[in-house]
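Order of writing sets the chain letters: A, B, C and D. Residues in each chain are counted from 1.
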């Protein structure tokens, strides 16, 4: 049994992602991690406007914000412009109000880099911790089942 | 007859593309223009390493560089996170050594923005103007034919 | 008589601003233009929270938004990592509700690039055109006087 | 005794650094970390062209490259557009061929975020590990002394 398709994405490295050393400039990877998470939600069926402020046709912005509280990335191999990477997401609930998503980047089945983003749910107004939005919980559970089945 | 598929792309606006005004931050559009051009070349069959320095398995970097000498963008409607835009490319040769690519961004067939990038071919070493790389010439001609047929 | 100091800025090009061609990646210049405008307002005495949403201690966001409706840039010479550029701003009112800022980038008194951003004032709620915020008007007038004196 | 001035920088948060949630978009912090490191080298007296490829008047690019192998960031408080942050750098040699720089971001003496970048020295050609460039070693030692004196 394979990982659900909404946890297995692709990303082509663009010229503007490189620096004068001729390889990907390191912090682009963390942008890709966030974008991969957004794409996964979308593919799973969660509309952007359910989660993110600033979307079209939002009568008001979501009650719950999800600030990033930690991120990290490790780089195993140089990533080049034009590389067509596979991105495998491993989301994990930490507690009622927080979760993290590990993104593994592979080129032809070789690991090239890993990134991780940890986010906490807070009420937009009070800035106090609160339970994760339902849509995120559903996506986390479905991911958990998909990952277990894979074992 | 329709525009060739390699001139008609899509782009989903990501959360990190927005700013605190709740809409796309303006200069992201020019990044998208360049990335759309790269994607179009790829779809047409031009490998990144033929054109761009910094690619994998390049014995040496391409002899011809293509610096951007001019770019512009006009914004007709607000672009929001989560928007799924259509991007229509209209490339045009200017002379033997330069060309430009206009990218029109549409949301549900309404124009939202247009961007343009103009590039000049120079020898990487001498920094002198030279004819466009063959692959770019072929892509420009094929685009021209595709656009004419559309009339 | 010299240009006011708040229209004459500096910008050091950083490694992450370059791409694999070994020079500044073109769209960074438009980011610098916007940042130079922000810095000029700040130096002139306009606090960020008067103009921009998303600032600290804003009871509510400014009533007037200033979306960019057009931008362009032209590149005369290659810009390299480590370059210490001078940035000269030439702001200009277009009409009651719009203005543009031209930023000229120089290296050792030689022009290397020019960028321009045009912005329109709209009510944040109704999205209808309205007069420019007072602080912007004052800054534009002061810039006009500074530029005239220079002649 | 105080920290050397070349380890104590400032950074004003710009509008384009924010996202639609109204605060700094998380990965900008890692850009700032790298830029702060570059600025510190410059202030200490290390010219960009000694270390970074893509600089002006480089006859050839530096023999030693310094790819980032790990980075992380933790966010304690929301960072807003217009915030004038203090950035305190704590560089540390790890072994003969690698080092890391911790950047602490403060607003009015309160911690808002911390970032870390770890880099490894490799020969540009062979891509094999090698001792750090002399200029980096000197900067690391001087920083060490500055930090010890502070205790």
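In this text, contacts are C-beta pairs under 8 Å (C-beta built on N, C-alpha and C of every residue); 3 or more make two chains touch, one makes a residue touch a chain.
Just so it is clear, the structure is predicted and the values come from calculations on it, not from any experiment.
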- Query: Which number of steps is the smallest that gets you from chain A over to chain C via touching chains?
  - Reply: 1
- Which chain's centre, taken as the mean of its Cα atoms, is farthest from the centre of chain C? A
- Note on the structure: In whole angstrom, the CA-centroid distance of chain B from chain D equals 33
- Between chain C and chain D, what is the gap in Å from one C-alpha centre to the other? 27
- Query: Which integer distance in Å separates the CA centroid of chain A from that of chain D?
  - Reply: 26
- Item | Residues of chain A touching at least two other chains | 15-16, 18-23, 27, 31, 34, 52-54, 81
- Okay, in this complex, where on chain B does chain D touch? 15-16, 18-23, 25, 27, 81
- Item | List of chain C residues in touch with chain D within their complex | 12, 14-16, 18, 22-23, 31, 34-35, 38-39, 42, 47-49, 52-56, 80-83
- In the complex, chain D residues that touch chain A: 19-23, 26-27, 30-31, 34, 52-54, 65, 67-75, 78, 117, 127
